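In structure tokens below, several structures.
Common to both upcoming complexes is subunit A, partnered first by subunit B, then by subunit C.
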Partner chain A sequence: MEPLLVVEHFSVQYQRMDRPAVDDVSLSLNPGQVLGVVGESGCGKTTLIKGILGFFPHCVAGVAGSVRLEGKELLGLPDKERRNLLGTSMDVIAQDSGTSLNPMKRIGKQFSQILGEKLGLSYQSSMIYARELLARVNCPKELLNRFPFQLSGGQRQRVLIALAFALRPKLLLADEPTSALDVTVQGQVLRELELLRRDCKSAILLISHNLGAVSRIADQVAVMYQGQVVEYGETHQVMDTPSHPYTKGLIACVPSLSLPKSQRLYNIPQGGKEWEGGCRFASRCPERIPDCQRQAPQLRPGKKGGLVACHCCG
Partner chain B sequence: MPGYLIKKLGRLLLVLIGVSLIAFGMTHWIQGNPAELVLAQTGVDPTQEEIERMEHQLGLDRSLPEQYLTWIEKVLQGDFGTSYITGVPVKEELAYRVPATLKLTIGAFLVTLGLAVPLGIWSAVQKDKLPDVLTRGAASMGLAVPGFIWGLLLCYWFSVRLGLLPMTGEQTFARLVLPVLTLSLPLTSRYICVIRGCILEQLEEGYVFLLRSKGLRERTILWGNVLKNAAVPVVSLLGLSLGSLLGGSVVVESLFSWPGLGSYLITSINNRDYPVITAYVLLMAVAFVLINGLADLLLCLLDPRIRLGGGRQT
Partner chain C sequence: MPLLRLNNLCKSYGKFQAVDSFTLDLEEGETVGLVGESGCGKSTLAALVMGLIRPTSGQVLFEGRDLWKMTGKEWKAYRRQAQMVFQDPSASLSPRMTVGESIQEPMRNFFKWSKEQRMEKAKRLMADVGLSLEGFNRRPSAFSGGQCQRVAIARAIGVSPRLLVLDEVTASLDVSIQAQILNLLADLRKAEGFGCLFISHDLGAVRYMSDRVVVMYLGRIMEVLPGEDLPQNAKHPYTQLLLNSMSFIEGQTAQEPFTPKEGTFQGCPFYARCPYGMERCKREIPSLKSFTQNHFVACFYNL
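Coming up: the complex of A and B.
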């Protein structure tokens, strides 16, 4: 099967940063599948998503590699062609979704503006469609008459998911869609994303630092560290039998309710010095060997399947 | 909405009362004994007896609150007393001068909006391209050089050298052009920068990212969303700027010998013609209050967060 999204050797360099924020990342995503991308904040997840969309702010100094959607190269695509793809072929739920709605426009108006321009619907039919969409994400249709500040955080997030539903994108990039929400709402929002995937057969690139969320709905997982993918494989295998020391650390960091209170939480040690070459994780790595600081490990098949970038556990 | 407006209007009313107290104080303490002044004007010898008779006649022997009330009652009927210099009721002079100043300031206001709005939008849309650089350069010039210098330059070129526009004579449209331009130039320059800044700020907002990521045209984003949102800070500034327009009119009217309130004020200050000065202060206060009340009303209509009392946290 031809993958829907192929990202190859993709790098994004910001001005005045000593290393690329996204560094030689390769990923692929099949239609209807969910790929989870995890990693601590600042590792380049949002930059990756914006790069796939082709949104490079002025402070981006260089971009390299290839991003293909259904075989079509996206890097360097003219604005007009990209606009035709945006929304319908790929869509995004931005990280700070609290500000993603126009604060001065009623929700209904925002629906009708987008549906009108992208699907050519009249105001009346876009309202009918919007009510249906809101019902699907368990929101009352009264929300259409409200302004964003009159909605709760969870409702705003669901409105955004409904807006993403509306155009039935083949690929949805979801940037920490649950991070700003409380735990009960997180579960509901994840269910609604699942629904979107089932109904629209959308593939989802789910970014999160919530490992629980990712392991629940992702088919594959990529673990990012300082702009690079350090481990990449099937979800169960990465989550249950992690290879890379960083992945192990991330999983050990998740607080578990079943743990006795007396047990201290695991803590990945903070790296002391600046990175000077070799493995980026070396200075924090409990399994470090002398080779690590000399030579950067390549991403290659690990013993347990999947891909790992590590000298000592490959 | 009514709650917000009532609070604002209440505050403006307090401003009016405060200004009227100051103006009242001015008539009473700064100008010396009005009884003596009137006597001097009528040529009667200011003996103690005569002064006391006059004080009684003018109501100066009553308590201050009583005097304030009679004074304000007269003022509310448009009776500002008689000019010490000409002996003409101030009311008659105002009836002639207020329309002249209104023509000037409203003209300058319209010119400011008419120039600054399109140029500010254009400049923002073309950010860092040639039109933006040129507009911003021109705006900086307009800001750096004081208004009256522009006035002198404009006079020199258009009246003296080219003979295109008259500097004296009837209050015709052609006569109005130079003073209006002089008055509006600095304000126009400022508003180009303000409007450009407000639009650029809005373009960084999350909702613009959302609309772009749905593949909407920049045109829809700008005209259908950004401009209305950017108008909110601009409108609240405009209320304040009309005050500076009225202040600027004092200089411009003297420069172009335009028979408005400003030049009237200057001659009156030179002659210590207190009834006129008091009338001017009161009129300006009323204008300030009216304009700000109007700006608040407009903001209320524009911004649902103000109208419905929602926070800005969205």
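Coming up: the complex of A and C.
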């Protein structure tokens, strides 16, 4: 059986950029699975999500590869058909959920509009349903009468998760859903995403710059660097025994509470000159060998399981 | 005499108490970490320490002198000796000045140096914070977030401050850049010997940077403890909640969700969210009591 989401050799090139923002990325996601995508800003995480959704801004010069949801090719799909998929087949939660809600309309109105269009509910029944949904994500029903700016960041994030509960998307794309939130609220939002996965069997593509933050609910993790996937494997294996030097660096530079107090934080070395070929991480890599600057490493099975794109640790 | 003393500091906006009975000493060269959720009054406290807003009651004392009773000359000296770095570096640097001009600006305000002296100092500072001199004549828009933050730090330490207020300086940065900025600050602190008020909602970063950690909730101090004790010896239920949330996110422990109590209470500000709340907590506000010699807790449950 084909997985729910298949991304194959997917590339996105922006105008006036020397390299593609997303470069030959292949991923797959089964129903009910959570895949974490981790990397620094500018590594192409958000472009990847926009690409799956089919939101290409005008500055995109070229797109290649294939994105299939339940066997249906999404690239090149007419806007009208894609619109039908949004919400029930795939749904998105952005980092700053304030921008995904309409600032001019009360939360209740937005609920009734979306539930009406996607599920065919009347105004009255959608309001009853909305109250139930808000209770499920621990929000008071008074929120329905408020405007988005009157809600806290955590509440706005939970309103979007509540909508996802109603629409039961097969695939949820979450772009840094917890990065802007306090630690206590982060925990709550992650817990609600976990519930969503359990109750609605939704698959989740979770994007973050912090490996620790995705390790809670992700089954698998893909680490991206400059548009390419450099390591891909089961979460515990990537977290506990990382293979790629970049993954190791990402884990080591977090000021974890279990770190001895006197120990200095690890710094990933700064890159030297512009990339000229070979491995993109080579100029910053502490383990590089002469081969790295000549030839780009392919993603292949590593010694510790999973997939790694590296000449030295494969 | 401590470098900075906050004495029963209060700031209210109408009925809302942003900072309430805040008392804290910061010694010369010491780093105090201030941690708490958004809305707990961390940034208000930073503004009070910098003298940007006037406290409703209580005092901010710098070397024993009240900020709001200083003479003009003392005030100007204070403005040099206390510097601040903000969360969003691209918003705190002028987009119309080159980076070199930005770094020189505070020096021009406080020192009677020649242009050559200032240029030389600014170039040395840029090297100190790990920036190449190529960027000296560029504007902030040409720099990344982490680089802008380095410029903001160079600007602040250029006038040899004795107190540096750092308000969420790493919050908007990638983890790998966060680590670089934290290491840079630790090095500069060793070299320059300034005292630091390090404000953050990231417990890991606060523990890494701080000699002492102050945990704040709704404007009040909940717990003060040495940085190295934070993971193991935290006593206040709120500090424990923060620590548990962190290990929950990292997937190390399970955590039972706790439903807050409804209603408003006169007593402990944390009562509504506290799993150990007692009758007494509802009525009385616990004061900060010494637990060990340098560990203070404001909680009835732990006494």
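One rule holds in what follows: the second predicted complex is superposed on the first by the 313 of 314 C-alpha atoms of A that agree within 3 Å, B and C clash if a C-alpha of one lies under 4 Å from a C-alpha of the other, contacts with A are read in each partner's own complex, and residues count from 1 in each chain.
To be clear about the criterion, contacts are C-beta pairs under 8 Å (C-beta built on N, C-alpha and C of every residue); 3 or more make two chains touch, one makes a residue touch a chain.
It should be emphasised that the depicted structure is a prediction, and the values quoted were computed from it without experimental measurement.
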Clash-or-fit label for the pair subunit B, subunit C on subunit A: fit
First (subunit B), second (subunit C), both or neither touched by A:53: first
First, second, both or neither for A:287, with subunit B first and subunit C second: neither
For subunit A as apex, the angle formed with subunit B and subunit C - C-alpha centres, to the nearest 10 degrees: 70
Touching partner for A:24 - first (subunit B), second (subunit C), both, neither: neither
Partner chain in contact with A:88 - subunit B first, subunit C second, else both or neither: first
First, second, both or neither for A:234, with subunit B first and subunit C second: neither
A:101 touches, of subunit B and subunit C: first, second, both or neither? first
Partner chain in contact with A:219 - subunit B first, subunit C second, else both or neither: neither
Per-pair minimum CA distance [subunit C against subunit B, superposed on A] in Å: 15
Intersection of the subunit A residues that touch subunit B with those that touch subunit C: none
Touching residues (chain side subunit C, partner subunit A) in the complex: 37-38, 145, 174-180, 182-183, 186, 201-205, 207-208, 227-228, 230-231, 241-243, 245-251, 255, 257, 259
Residues of subunit A touching subunit C in the complex: 40-41, 138, 153, 178, 182-188, 190-191, 209-213, 215-217, 249-250, 253-259, 261, 264-268
Parts of subunit A lying in touch with subunit B, wherever the complex brings them together: 53, 55, 82-88, 91-92, 94, 96-106, 113-114, 117-118, 147-150, 160, 163, 167
List of subunit B residues in touch with subunit A within their complex: 205-207, 209-217, 220, 224-225, 228-229, 232, 302-305, 308, 310-314
